[in-house]
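Reviewing the structure listed below.
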Amino acid sequence: MKRTEKEQQALINNIKRIEGQVRGIQRMVDEDRYCIDILIQVQAARAALTQVGLSILEAHAKGCVVNAIEQGDLAIVDELMDTVKKFVK
Amino acid sequence: MKRTEKEQQALINNIKRIEGQVRGIQRMVDEDRYCIDILIQVQAARAALTQVGLSILEAHAKGCVVNAIEQGDLAIVDELMDTVKKFVK
Amino acid sequence: MKRTEKEQQALINNIKRIEGQVRGIQRMVDEDRYCIDILIQVQAARAALTQVGLSILEAHAKGCVVNAIEQGDLAIVDELMDTVKKFVK
Amino acid sequence: MKRTEKEQQALINNIKRIEGQVRGIQRMVDEDRYCIDILIQVQAARAALTQVGLSILEAHAKGCVVNAIEQGDLAIVDELMDTVKKFVK
């Protein structure tokens, strides 16, 4: 992995924010808030989670994948593609 | 809305489970776990959030949307479609 | 359905454009063009197809779905949601 | 690229099939067929296009990307990730 201390902290903060969003969604359901308002929050949390996933994927590609290929381990490309497929579907 | 007490509780439980998944992702990042293992959890949380969104959307369509149309309020269909578009993109 | 003559023609034109995009992709593969350039065209065709789908879905929701609900046929809402789920996944 | 003659032909055939699907969608719109039936075909064409994209992406990752990294060109990883992001959004 190639994350610096600062990138690691930014990533953790983004995940904490998503945890807060999910807790907010739970509260909205509890309070019987208007469905469309809840759905806007669900979609926002989902988009934020996608961003977190892409950011981890990018760090992995630039770090582990490059290192492994340089050392002749090409199986890591299959693993990368399997993960990309799960996100694209 | 047309959720029964039991459906409401199931929905809350699903959202709580997602909150736990997100906390688990945070811990994995903190512990510098292997990116691909983290990404599998991110994708699982994202899929669970999509299911929660679709379940709220379905309750909304069967409840509020049907009621509003029966009372001649067709603007609710525009609102529904705007939300569907956000999820599909 | 509530499509005017003009909307119908616009929809047909959009689908024809997608057909052209797909033929273009075929040619690029045939000519062994650079993968990333092909992928940009694939993604463009896919986004255009999504727009066509959403536009048909919207016409359906505003036309058939509203009419059916006004006549007391609520099964159409299940059918609508099944289709939305296929697009969101 | 690492596609064999046979893989190249299979890819071309898949793209031709999608072209046929798109032409079928056009015909269905022309004949004013039921929206939900059209949408099922739109979704099928979209899923097929996604598969074609993933298959090209995989060939690119295993071919060009590995070769470039082995020759010290790491910029190809940024290009790959930009393309992945377009597909995931």
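In order of appearance the chains are A, B, C and D, and numbering begins at 1 in each one.
Here, contacts are C-beta pairs under 8 Å (C-beta built on N, C-alpha and C of every residue); 3 or more make two chains touch, one makes a residue touch a chain.
All values reported here derive from a predicted model rather than from experimental measurement.
Averaging Cα atoms per chain gives one point for each, and the point farthest from that of chain C is the centre of A. In whole angstrom, the spacing between the mean C-alpha positions of chain A and chain B is 16. In whole angstrom, the spacing between the mean C-alpha positions of chain A and chain C is 28.
Averaging C-alpha coordinates per chain places the centre of chain A 24 Å away from that of chain D. Shared contact sites, meaning residues of chain A that touch two or more other chains, fall at 50, 53, 57, 80, 87, 89.
Contacts between chains close into a ring here, every chain touching precisely two others. Here, these are the chain pairs in contact: A-B, A-D, B-C, C-D.
Interface residues of chain A, counted against chain B in their complex, comprise 1, 8, 11-12, 15-16, 18-19, 22-23, 25-26, 29-30, 32, 35-36, 38-40, 42-43, 45-46, 49-50, 52-53, 56-57, 59-60, 63-64, 79-80, 83, 86-87.
Interface residues of chain C, counted against chain B in their complex, comprise 50, 53-54, 57-58, 61-62, 65-66, 69-70, 74, 77, 80-81, 84-85, 87-89.
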